[in-house]
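Below you'll find the structure I mean.
Labels for the chains are A, B, C and D, by order of writing; each one numbers its residues from 1.
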Amino acid sequence: MKVLYFAWLRQRTGIGEEDISLPEGVQDVAGLIEWLKGRGPEFAEALADTSAIRIAVNQEFATLDTSLGGDEEVALFPPMTGG
Amino acid sequence: MKVLYFAWLRQRTGIGEEDISLPEGVQDVAGLIEWLKGRGPEFAEALADTSAIRIAVNQEFATLDTSLGGDEEVALFPPMTGG
Amino acid sequence: MSVRVQREDFDVGAEIAALTQGNMQIGGITSFVGLVRDMGGNTGSAAMTLEHYPGMTEKMLATIDAEANARWPLEASLIVHRYGRLEPGDQIVLVIAASPHRAAAFEACHFLIDWLKTKAPFWKLEETGDGDARWVEARGSDDAAAARWSANTGKEAAE
Amino acid sequence: MSVRVQREDFDVGAEIAALTQGNMQIGGITSFVGLVRDMGGNTGSAAMTLEHYPGMTEKMLATIDAEANARWPLEASLIVHRYGRLEPGDQIVLVIAASPHRAAAFEACHFLIDWLKTKAPFWKLEETGDGDARWVEARGSDDAAAARWSANTGKEAAE
């Protein structure tokens, strides 16, 4: 699956986009975020407050309990500030 | 005083602008309109329904009971349809 | 704060640029352009001629513009209204309101055109297509739109 | 119905003309332009860089545009949003709504920018003037402005 990070999530994780395999036991976005937090302090810090994070799965808005099968494009980003 | 007519009031009276002296006994716009109606059938017809007429005195909106002294610019016209 | 009454057409982009350039406090610009609609149906052309009351028109537009600036925190505003003969698709009127805040820009612009419709001395003579013409009648919906702003001080949009 | 995401600037007048010319059913065109405001104070430049999510941005803008067209009787609509580095006074976003009726044009245009602000994946990184930069935080007032349209079907503006 593809994981994308934008704005300060991109800066704090140091990653814009990465390809990963769905980790064992991960069934939804919440599980993916928990798994990502275990990858290192920069991830743990960036993803600490999920209330500050917006989620898109396959370019549609999603929530923590949105299911993941492994072939999705998951994006994590802060609330939008365009316009 | 100057009297101006716009839109169908101009067409029906056949006059765009005229200079008249304040007729004797006329003290307000209602009196002026009554006096104008006596000038001929085209005026009587054009001014028959005062509810369909808007009034300006010295380029400010006015009403039938607005006083006239004789040196005003009085305009008579239908409701506006610009914009 | 500026108003113009003219026979000539106007260029919306150029007007916005001239009105707002160099002002770094503006966050949003709302503009409205009114066009001659083809109400024609089978009557062919729906060209029209706009008559106005020179002198009073400018005065009323300036009054309406001042009222908008008193109600909303505007950095710039403009009303341009044409007169003379216009054809379907032609631009009739342009209203622009620029503010630090977008809600104020929207409300002020909407207010300007709503008030202008019922308070500025313009009259439309519509060609009926058979060589004849009729004076367009004022619409109750325009009165209602204008009245909506009477009790509204606009302060809610100032943030 | 059209959306664009681009680095380049846009010309409001040209966009309005291209969108509406030849359509004689349009009575009113409301447009909104968002500009980079100088929030600087003493911090000097308030230039910013707009980041976005290519692919999803276009998709969300198209969804918002379709929603506006479903709610109001529009003859034409357009959203143009820029990304990249922008300086105070630069244009960020353009929204246009054209309708036979002016109230529909106003409401649809206002709706488009309000929804775009909270639903289109753009993020502003503001230069603080000391060589540093900070991510602009989302504002509660933007959420409130967007929420205002949730229960509103827009039918009241269709006349």
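The rule is simple: a contact is a pair of C-beta atoms (placed from the backbone, for glycine too) under 8 Å apart; a residue touches a chain by one contact, two chains touch by 3 or more.
Note that the structure is predicted; figures quoted are calculated from it, not measured.
Of all chains, the one whose Cα centroid sits at the greatest distance from that of chain D is B.
With centres taken as mean Cα positions, chain D sits 22 Å from chain C. The distance from the centre of chain A to the centre of chain C, with each centre set as the mean of the Cα atoms, comes to 48 Å. Inter-chain centre distance (chain A to chain D, centres taken as mean C-alpha positions): 27 Å.
Residue positions 34, 113 of chain D are each in touch with at least two other chains. Residue positions of chain A touching 2 or more other chains: there are none. By the definition given earlier, chain contacts exist for A-D, B-C, C-D. Interface of chain C with chain D (complex): residues 11-14, 16, 20-35, 37-38, 88-89, 100, 102-103, 105-106, 109-110, 113, 141, 145, 159. Of all residues in chain C, those touching chain B in their complex are 34, 50-53, 55-56, 59, 81, 92-93, 113, 116-125, 135-139, 142.
For chain B in complex with chain C, the touching residues are 4, 6-8, 10, 56, 59-61, 75, 77-83.
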